[in-house]
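Below is the structure I would like to discuss, written out as structure tokens.
As written, the chain order gives the labels A, B, C and D, with residue 1 at the start of each chain.
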């Protein structure tokens, strides 16, 4: 049976769950999985419902809108695969993991293309039957380079853009075009090291673990709402280079997990936070 | 059979392991456990050896010094418990964990006293038969307060000072008196949040894990060489207060583990890093 | 504002969330946190709701019962602390952790007593102002020993019994008296080792991690529904004794976490499984 | 500079480290990394040394043999990639991870071939430029099927055989041919479930984590010496199928990590245990 997902996000008030379930019931839909959360700071209500049954989506929308008001954000999703475009640079670990999952139909996405500012990843990408676009940044201003990338993105019009170790800083005018639609992965340290060469800084203080953070991108590239995080333990024996290597393993797992959550419509944005219904 | 530990730290050169094991062999000592590490950045050699056998420690020292030269740092340790003093403020989780382990003889330390700038932890401490010194910081300059704490520390002359959630910033003139001898625990976030109220900042960005870092204190309170780290996973459902609570559980485990390593002479300082032979 | 918790467990049918939220709304209650789960294997519905507001509990119960039918299991809970009795033997790590949390009011329980078949833990328990009952098993049949323990339990009539490393096997006639009310902790290995001395078996195969499992006790002591699990990593350097030591640290954390979940009414029994709303 | 690795395994006696480092020094070799371990149960000594320098390997061997005696097992290894053959069935996660690492030269191995009893993984394997051998087990006795697999293995004569979710039970007469040379991955549960369909059993008891164990294969397929283990946390919301999916992610990471350790000559066999120098 086909599962549908309803995602609701609106100001909290008494009786919301009652109202929403009443409407679903009146359409004779069968709820399979249901999660809610109230962010008491912002007084926002979040609800994700998976249900089965056949229904008139126009009527369902209008019933929900009537009850929830104009401030409500509603998404009614089938199980159709999402279109995504991946941006990468030279590192293969995140891209490779996603491509393999895609090749075996293990990810709820249709990878439309890979865009890179280098040629290193072309061979793998094309072996996996995905178009590869090389957009060199050499001799281009950031603005001009982004413009070229955007032109390609516009051809595909993806629902999500995945930064799989894309090592270029994106300008706010770029990221502003895709609010809540760009997923990035970056290394994380406990405690954090800011500035150039964080692996060297981390090594210099003898950190005992390194991590990875997958997050949505906002105007400030590395500071958007966090979707998923994890770490691996390391020891003094590991060089700054070993740290980077260990970091890659955790990065790929964290990014793939974050993507799975996003692509299954399990992640809400709530200001600078995420609400993740696993 | 009594185990002895030799800790050697000296500039690296060819033949060091050979020379040290030759000397131990010439004293008819039996090596049980042996670890070495060369920090190739600083060209420093670290070796920790546990052995059994009876020996003349004066002769052993002089044989080692003759072979390793004047730059070598040598420590020859029996299994005697280390004297420690604990500084705490109001939170009980780290102190409680250490006191219970001490009560049942499960930690290689003799807790000489607890010093606190509040009275909250007196009852527990005294129930566990440990002297408790209340040194209020009220109406005192940082300098004067630290002077009072130092006076008490001088009575006990501990080998290590443990900051078990001691919420006062220690001045460099204090920490400089105990180089490599103060162990601190502090919360850590991925990525880190700097400034006031880190739990609120972490909550505001929706972090999915929080951590703890145990480290030696240097002139910069929260930035000394890291001994041990760990994390716990959290979700959007957890408030800033829940984050602090989850943080406490990981803090107590990380601090107790770091202490165990330090008290068993398994931790070397190497510049701003540690070498930890587990 | 006082929080109340409603726990519902009944056969699944369409409209349950609607019906329950309708009733809560009709009593003018304000839902703070709400979780549901449908076990599709058993067709059972589970719902946990935290709400605020003043209400007539008799009327609320009867409204719910009328709607949900006679097969529904309903619990309406205030935030009153639960009465618990702890059974232990000689090991202090789990008991100590619980006692410290209790001493500082950090656990939603009132520890009525500790019962042990040894005297080792008396001193700590009494320092923490908890009655200690020594019930030796020597020269007693299992039946007679359990009878004596039951007599003490009956004095206290606890809501939950916590086996904090209680090393006696409980007979089905004992455990049958407290269905879903006994929480146990036991070591776990990946893969499991059955029979005597599991730490030795685990050591002999060179396991690289050991774990702990907190669970409800059913007729078969170590096989009831699992509440919480975790592991720590180990290496070849650790002896069978070290494994047991590492096991103790993870046992205490897992048991305390499981207790927190149970004592906050976050755990449902579903056949031989648990549904845990964190 | 080329690194060489010496692996020594012999009965323990006084002076072994001294003797070995003396010999390395006499050949003017420079030790970079050095690990030892004494298994006090079996009285076996293990040492792994990485060093640089040019030497006459025949003379070095004979010097070591003379000093360490005939019972010593010695391996002197360059950094040449190891030849491996992978056996798989239908699942792609472990194979895909290894193939991607191999494609980008990120694993110290030369994958000679993939052998499978199904055709599912041919396309991916051949895209990655690795020969694929389909050996159907249909209408064949176990003996005859293994014979066919062995014939192919003999063509390649690999140093290690990797079972990347090879779902056929190997007979002792097969595994006996490659002692300490077959690496397998299998799911693990805490506590373990024996018999058919472990994911269903684990689900039925509501486990809160699942794991994976990479190990050498001995006569008893799933019970050889453990190399590496890890787990992921799960909840009651995850079906038996979700458990299997979560299991796949941890399986691929654990197998790849175990392979890295084996292929860098960091793993010793010690009876039914491993000694792993990370």
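The working rule: contacts are C-beta pairs under 8 Å (C-beta built on N, C-alpha and C of every residue); 3 or more make two chains touch, one makes a residue touch a chain.
None of these values were measured; they are calculated from a predicted model.
Participant: Under the document's definition of touching, what chains do chain B and chain C have as common neighbours?
Facilitator: A, D
Participant: CA centre of chain A versus CA centre of chain D: separation in Å?
Facilitator: 35
Participant: In whole angstrom, how far does the Cα centroid of chain A sit from the Cα centroid of chain B?
Facilitator: Centres of chain A and chain B (C-alpha means) sit 40 Å apart.
Participant: Going by the touch rule set out above, which residues of chain A reach two or more other chains?
Facilitator: Within chain A, residues 33, 40, 233, 235, 237 contact more than one other chain.
Participant: Touch graph of the chains shown: is it line, ring, star, complete or other?
Facilitator: Graph shape, chains as nodes and touching pairs as edges: complete.
Participant: Given the complex with chain D, which residues does chain C contribute to the contact?
Facilitator: Residues of chain C touching chain D: 37, 39-40, 186, 188-192, 203-209, 211, 213, 222-223, 225-231, 233, 235-237, 239, 270-276.
Participant: Within the complex, which stretch of chain D touches chain B?
Facilitator: 14-15, 17-18, 21-22, 24-25, 30-36, 38, 40, 233
Participant: Which of the residues in chain A end up touching chain D in this complex?
Facilitator: Against chain D, chain A makes touches at 33, 92-93, 96-97, 100, 103-104, 106, 124, 127-128, 235, 237, 249, 253, 256-257, 278.
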